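One chain, chain A, links the two complexes that follow: it is found with chain B in the first and with chain C in the second.
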Partner chain A sequence: MLNYRFQWRAVFKHLPDLVDAAFLTLQITVLSVIIGLAIAVILAVWRRSENAWLFWLTATWVALARNTPALLQIYLFYFGLGAYGIHLSPYAAVLAAITFNNAGYLTEILRGGIDAVNPSQGRAALGLGMTPLQVYARVIFPQVFRAVFLPITNQIIWAMLGTSLGMIIGLQELTGMTTFLQSQTFRPFEFYLAAALIYLVMVETVLVCARLYARWAFRW
Partner chain B sequence: MNNISTTFTANDLLLMLQGAGVTFLLTIVSGIGGTVLGFLIGWGRSLRAPWLYYPLGAYIEIMRAVPLIIQFVLMNSFMAILGYAINPFLSGIISLTLYIAAYVAEVVRAGIDAVPHPMVRAARGLGLGYIQAFRLVVVPLGLKTVLPAWTGLMLGLMKDTSLIAVLGASPPELLRSSQIIITRIQEPLAVLTGAGAFYFIMCWLITLAVRRYEQRPLLQSLGR
Partner chain C sequence: MIKIEEVRKSFGNLEVLKGIDLTVDKGEVVCLIGGSGSGKSTLLMCINALESIQSGRIEVDGIDVHAPSTDKNKLRRKLGIVFQQFNAFPHLTARENVALAPRHVLGLPKSETNQLAEHYLAHVGLGDKLDAYPTQLSGGQQQRLAIARALAMKPDYMLLDEVTSALDPELVGEVLDTLRLLAREGMTMIAVTHEIPFAREVADRVAFFHDGVIHEIGPARDLISSPQRTRTRDFLGKIL
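So, the complex of A and B:
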């Protein structure tokens, strides 16, 4: 029934290229999560602000990031910004879009975490003479990160898989590189299977690292 | 952008509406298939029989760790290798169904676990069979806890249907049809914003529909 000869030689020959591409995937993932998390912290705090403008800015960002496909967001950064004379490289477009998306989802995650912290703790810390910045940095956010660590891990995984969309606009991260190589060697099944395995290894590595980090960071 | 005039025609709008219809169809078909399959997988895992628990767990883990694009391409070429080259549209639906089923399975398992065990034992003690207790006690109670998470999955599924474009599936769904229009009229920002608005409205409609269902008195009286 299986009338197909698997040929893995081409895959082994190009394995270094795939690993290089996997590191590019990892790089975009790390950058988009760090920048996205930084933006999300600001947005989540602004979300509670009494300033109507800040509130609407964050509400709009979150709604747009969550209710449109990531691929559409990549297209908007890559093709759409051309209307303003801004021409991003595929790398910059993917990084910007995934960061935008991450920031939206992470804001929502952090908001849930902040809501879970008893508000009287914030008032007590203010009463002890802490500045609002200190209250957030020393009292609220340590508890928030502990509470929402698992959803954040899921978001990191999502970001890593999301970078595969870069293939569609010609970025040679892992999926893009795989597409390029299979088009040269005509072994699509073998190459995509290899890429799937590499993704699996990367995701499991991130999960294990996250678990170890959580055990160390949240031992209190 | 200084020029207000556009070459976007009524036919283009029709193409986009058609695309939105295809997106909706893809979401409904693979959403229903994925929910049924995911329900079976989640239920199977909740039985905690090792020969069922671990293989299904591996399935879930793999589906959630491999990008959907790669799953699309693998499914497509796998069917061809087996000698059943099916059209990309169909293989896209199969991939989406298998993909979302893994996520639904986790949600279902969480829902089953959320029903307190004494409740199930009480139901069994009242003389209900396993199936009866499951259908009359576990499902109604679990449903309420998992409905928001399930809605989120279906919204994600709708957005993920846009990736079917990598297979060159026809008829084109919303994002692909927008791209076809962009190639012709060269106004990416306007068309993409329009497509985004379409997605936004569809997400909003689904959220609204689920919220109305959630607020039905029957479910409310069952919970809490």
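So, the complex of A and C:
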């Protein structure tokens, strides 16, 4: 270790590849959070449903997503579905698995956010003559949004780091690409440090943006 | 005029209102008193259709509140309601709280709703808190904010459900003063309260609720000074 001489030339040479891979990571993160959030909204509503099927579907989804390893979830989408003749590409499998995982966590986050709003708020707003839609949009949603904002930010970061599991099924997102390049150049330390730095920059960017937005939006 | 006839209301198997009859004239102040669980809050929520009824009839200015054809959102503009819990919307300033419904329910322009908000906040003594968020207000101030918010819709009636019950004792007075002001201005009010001296002073009539019925009703002074029925006497004896 002490004799290790850092040689950054290989890293610089392959920097465009790393940046491309980072964009792939970012892309999966953004898509999996957006789709996951859309699913979570539906699941959060079903979770309160009288319909036993919908309730159990949601409960099962949430439990599988949160209480099993994310890697296993990726395997299920990649190898598991493959056994049924549904062959997903590594990209599709990772996107599906991370989305599935996000949806589970986000459902619980949304549920907590809805529970955080005092039900008497809705009653008071209805009492002013607002329609249920107005009550939801102007009174309930802003409060839910604040309650879920920080947990969702954390989930975005979790998803971004979680995409690195994709390398195991051959996806060349940032970690996968890094692993590939270091094996070609025999500069593992430099490449993994560089990748770590890129992850850090991406995560810190999300955090700083979230913090600035929160300071502006949640003065109350 | 609010006309309540033979109203029955159940939650599941629990019958909470067991045939309520009550008529409140324009300009009248009626206080509802009675033990916890006797159905007072439920009645208020049936009057503005926040709760449904099983049978009977409630009319507000001739409109059948619970008829399926009644536009409940529109009906509620006639009826301001203030609850025991402070229901200030936490994400909005005092001004925005009051301006919200005039803006989006009545569709008034922003300049007008801001004026409305400033007027009614000043009216309840919050003229210097226009830009404060509810977390920066005391309980008494939040409750006055809720009253101003209801008034800004220019309701014909105010329904008040124990609006001082959740307040620290030293803050009760300021909210009661606001209600006195409304009464002086001729606002028609149905107020659930445990403040018996206030009821005697401000109400025209007082109704004593017991177990889902109006057990006794009469002019405020008479009912409070010389209740005719034993249960009313017992209740007043305990609370006074």
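Here is the rule we use: the second predicted complex is superposed on the first by the 193 of 220 C-alpha atoms of A that agree within 3 Å, B and C clash if a C-alpha of one lies under 4 Å from a C-alpha of the other, contacts with A are read in each partner's own complex, and residues count from 1 in each chain.
Criterion: contacts are C-beta pairs under 8 Å (C-beta built on N, C-alpha and C of every residue); 3 or more make two chains touch, one makes a residue touch a chain.
Computed from a predicted model, the values in this text were never measured in an experiment.
By the touch criterion defined above, A:R138 reaches chain C but does not reach chain B. For chain A, the partner with contacts to more residues, out of chain B and chain C, is B.
Contact with chain B, but none with chain C, is seen for A:Y192 once the two complexes are overlaid on the shared chain.
In the superposition on chain A, A:N51 makes contact with neither chain B nor chain C. With both structures placed on the common chain, the touch criterion links A:G127 to chain C but leaves chain B unconnected.
Overlaid on A, the two complexes show chain B and chain C touching no common residue of chain A. Residue ranges on chain A touching chain C, taken from their complex, read 118, 120-121, 123-131, 134, 138-139, 142-143, 146, 219-220. Across the complex, chain A meets chain B through its residues 1-4, 63-64, 66-72, 75-76, 79-84, 157, 161-162, 164-165, 167-168, 175, 178, 188-189, 192-193, 195-196, 199-200, 203-204.
Considering their complex, residues 45, 48, 50, 73-74, 76-77, 79-81, 83, 85, 87, 89-93, 100-101, 104-105, 133-135, 146, 149-150, 153 of chain C touch chain A.
Taken together, the chain B residues at the contact with chain A in this complex read 1, 62, 64-71, 73-74, 77-78, 81-83, 155, 159-160, 162-163, 165-166, 175, 179, 182, 187-190, 192-193, 195-196, 199-200, 203-204.
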